[in-house]
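The structure follows.
Chain IDs A, B and C follow the sequence of writing; residue 1 opens each chain.
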Amino acid sequence: MNNAATPGPLLAARDLVKAHGRTPALRGASLDLRAGEILAVTGASGSGKSTLLHCMAGIVRPDRGSVTYGGQRLDRLPEKRLSELRRTDFGVVFQFGQLIPELTALDNVALPLLLAGTPRSRARERAGEWLERFGARGQEELRPGEMSGGQAQRTALARALVTGPKVVFADEPTGALDSLAGEQVMTALAHTARESGTAVLLITHDARTAAYADREASLHDGTVVTEDTVLEVTP
Amino acid sequence: MIGMSTRHILLGLLASGPSHGYDLKRRHDERFPQARPLAYGQVYTTLQRLVRDGLAEIEGTDSDGGPERTVYRTTETGSRELAHWAAEIAPPAPFVTNEIFAKVVVAILSGGDPAAYLRAQRAAHMRRMRELTAVKSAPGADLATVLSADFALNHLDADLRWMTTTAARLTTLTAEVDAA
Amino acid sequence: MTADLRLAWHLVRGSDRHEWWRIALTGVGALLATGLALGAVVLASLRGHHAIPVADGLLDDPGERAGVVAALLLLMIPVLGFLGQSARLGAVHRDRRLAGLRLAGATPWQVRRIAAAETGPACLAGSAVATVLCALLVVRTGDHSSVWTWTGIAVVAVGMPVVGTLTGVLALRRVVASPLGTVRRVRPRTRPGLMFFGAVALFLGALFASYLSLDRRPGTVPTGPMLVVSGLALAGAAALWLVGAAARLTGRLLAARTGSPAVLIAAERLRDDPWAAARTHTVVLLVTVVGTGFVGIRRTLLEVLGSGKHVSEDLSFYTTGLDLTAAAIGVGLVITLSGLAVGTAESLATRRRTLAVQAAVGVPRAVLGRALLLETALPLAPGVLVAGIGGAAIGTGYASLAEGGGWSTPWTALLVPVAVYAASLLAAATALPLLHRSVRPAELRYA
C-alpha cells in the first residue's frame, strides 16, 4: 500500500486483539490514520468500535497486536508516558461525561493547559478563545449541569483541541444530541481539524456523521473491513 | 419526485413579476441548489405550454442591449392554479418503486451477487453523502444550500439504513424469492 | 411481602461489592451502637451501691456510674456518624435501582419494604451479636440485674434495628416519591437541615431522661455531666457551621486564584457543595476539642494526685477512670476516622465514571489523588486549629482553677490537634487505592 509518494501513517494499529472478560471485542483489527485526515469508523453496536479507539488512544492496552504513533509503540509505553501523550498530542471527546461537573466551562477547557503548567490567567484566556471558536461564547461560567447537550459537547471539543493535539479521538460525539445540535458540533469539529491539520478518528454509527470524514472504515465482529466490503453477511 | 413539476415552479418564479426565459432558468438554479439544473430548451417548451393552456401570457419583448427576449407574465388562471398546487399535499409514497430493491430481487432471480451489488451501492451512497456534506459545511454556504443538501442527505441516509438491514437478511430473502 | 423479600434478596445478590461493603459496615455500626446503648441502659438500671468486679470500682457508685453512662452515650455520636456514612455507600446506585423499580410499576410502599429488607437484616444481625455479648457479660459479672435491666436490654435490642431501618427508609423519601429518582441535572445542595437539629434535640432529650432515671443523692445538682453534654452540643453546632463556612470560603478564595489543577478541582468541589463532608468533619472537630481538653485535664489531675494532697484516696481508682476515658476518646477517634475513610471512598465510588474519563483524557492520577486529599485537608485545617485552641483553653482553664490553681500549663495537649489532623489525612488517603481502581478504562464501557 505505502509507496514512496505517500508518507507513512501518523497512527497505525496492527492485528489488535482485545477481550473484555470472555467477550472478544477485537479480533485482529488493523487501521491506519494519516496525518490531517478525518477517518470515520462505523459499524454495528458491539462491533468493537470503542475498544479500537481506546487501544489507539493508549487508554487500553491490547491483548495482542501493536499501536504505533510517531515511531513509538503505545502498547509498550508506561502509564505515565501515556497520560502525558494523551495530554499533549491527543485530544479525546466522548459521547458525554468528559467534563468535570464542578468546574465551569472555562475552567474545564483550561484544565489541560493548567496540567501542562500554563499560568491560570493565560490558560483561561486561551480557553476563552477556543470556546469562542466553537460558538460557545457567553457560556464560560456555566457548569456542565447547566448546559444543553450541544453546549457541553462544544465545550468538550474546545477542551480536546485547546492544547493543539495531533490527533483527536471522538467516540460518538453526536450520540446524545439531536440532529441540528449534532450537525453544529460536527461542522465545528471538521472545520477546526482541517484548519489546524489535526487528524480525527471519529467513531459513529450514524452515516450522516460519518459523511463529515474524508474516509470511512467499517468494523465487523472485531475486524476492520474496508469500505468496499462493508456489508459482510453473517451466515 | 412525485408531483414535482417544472410548470408550477416556473409559475411560482413568475409570481414575483414578469420575466424572460433565461432569467427564469438562472433564478431556478439559484433558488434550488443541488437540484438538477433546468435545460434552457426545457424552460422554453414549458413556457409555451403555459401560454397554450392560458396560465401565462406574453408581456412583450425586452432587448436590454443584447439579443431580443420574450418576457412572460402569469395570468389570473395561472395564479389560481399555482395557489391550488402549492396548498395540495404531496401524496406520501403512493407506490413503492425502489430501484435498489428491484435490483436486489433481480440479482437473486438471475443468480447474481446481491451482496456485492449492495456493497457497491453503499459505497456510492457514502461518497455522495460526503460530497453533499462538504457542500453544506463549506464556509459561507447559504441556508437554501444547507437545507437542500440536508434533504438529500436524509434520504440517502434512509436508503443506507435500508441497505444495511437488507444485507443482514439476504439469506432469508434469497430463500423466500427462490421458493416463490 | 415474601415476594418483596425475595426481590430484595435478588437485588442484593446481583449487585456489586459496594453493596456488600455497605451491609457489612452497617452491621458493624449497628453492633457498636447497640453495644453502647446496652451498656448505658444496664448501668442506668442499677440502683445504689454494687460491688462490680471490673474497672477498679469505677462502676460501684451511682455518681461515677452517671459519668460512665454519659461517656457511653457521647460515644454514640461518632458511631451514628459512622452509620450515616455507611448507609450512604453506594447510595447513588441504590437510588437508581429503587427508582427503576418505581418506573417498572412498584408502589411507593413496595419500594419502602424492599429498601427496609435490604438494610434491616444487617442492623438486626449487628444488634443481635451485641445483645448476646452484653447478656453474657451481665450474667458473668455477678447478678446485679433487675427487671429493669432486662426490660432495658430487650427494648434496645428490638429498638435499634427498627430505628436503623426506619432511618434508612426515611433517607429514600425522594426516590420513593418520584420514579425518576434523585438523578437530576443540577444537584440539590445538601445543607444541615432540621434533621440535624432534630437529632441533636432528641439526643439531648434522651440524655436528660437517662440522667433523671439515675439514682442520685438528694440535694446534689446534676451539673457536671449535663454541663459537658450541653457544652459539646454547642461546640458541635459551632463546628458544623465552621466546617461548612471554611469549606465555602477556602473553595471560593482558592478557585479564583490557584494555578494548580489539583487545587482548582478540590476548591471548586468545596465551593459547589461545602456541606458534603460537614457531618464527618464536625465529629472530627468534636473529638479534637474533647481530646485536647482531656489531655490537658489529665496532666493536671495526675500532677494533683502526685503532689500528695489526696493520699487517703485510692490512686488506682482515679488512674483507671482516666485510662478508661482516654480509651473511650481513642475509640471515638478511631470510629470517626473510619467514617471519614468510608465517606471518602463513597465519594470516589459515586464519581468513578467521571474519574475514569478524566484519566482517559490525560489528567494524571496523581492530580486526581491530590485533589481528593485536598478536599479533606483544606476545610479541616482551620476547623482543627480552632478546635485545638478551644480544647487547650479548657485544659489551661482547668489547670488554673483545680485545687487552688497554679499547676503547670499542659502544653503537650497541643500535640492532639496536630495528631488528629495527620490521622484524618491518613484516613482519607486509605481511599487512594480505590482511586487507582476507579480510573480503570473498563469504567468507560458503562456510559
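We take it that contacts are C-beta pairs under 8 Å (C-beta built on N, C-alpha and C of every residue); 3 or more make two chains touch, one makes a residue touch a chain.
Per UniProt, the chains are A = ABC transport system ATP-binding protein; C = ABC transporter permease.
Bear in mind the structure is a predicted one, so any value in this text is a computation, not a measurement.
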Next on the checklist: Using C-alpha centres only, name the chain that sits farthest from chain B.
Outcome noted: C
Item to check | Innermost chain by mean C-alpha position | outcome: A
Checklist entry - So what's the Cα centroid distance for chain A and chain B, whole Å? => result 37
Checklist entry - In whole angstrom, how far does the Cα centroid of chain A sit from the Cα centroid of chain C (ABC transporter permease)? => result 45
Next on the checklist: Can you compute the centre-to-centre distance for chain B and chain C (ABC transporter permease), using the mean CA position of each chain? Integer Å is fine.
Outcome noted: 74
Item to check | Where chain A touches two or more other chains, by residue | outcome: none
Item to check | Per-residue overlap in chain B, given as positions that touch at least 2 other chains | outcome: none
Checklist outcome for this item: chain C (ABC transporter permease) touches at least 2 other chains through residues none
Next on the checklist: Help me check something: in the complex, which residues belonging to chain A touch chain B?
Outcome noted: 186-187, 190-191, 206-208, 210-214, 216, 227-231, 233-235
Checklist entry - For chain C (ABC transporter permease), which residues are in contact with chain A within the complex? => result 185-187, 257-261, 264-265, 268-269, 271-272, 353-354, 357-365, 367, 441-442, 444-445, 447
Next on the checklist: For a test of understanding, state which residues of chain B touch chain A in their complex under the given definition.
Outcome noted: 115, 118-120, 122-123, 126, 129-130, 132-133, 137, 139, 153-154, 156-157, 160-161, 163-164, 167-168, 170-171
Checklist outcome for this item: chain A residues touching chain C (ABC transporter permease) in their complex are 20, 50, 54, 57, 59-60, 80, 83-88, 90-92, 94-98, 100-104, 107, 111-112, 114-115, 119-120, 123, 143, 145-146, 159-160
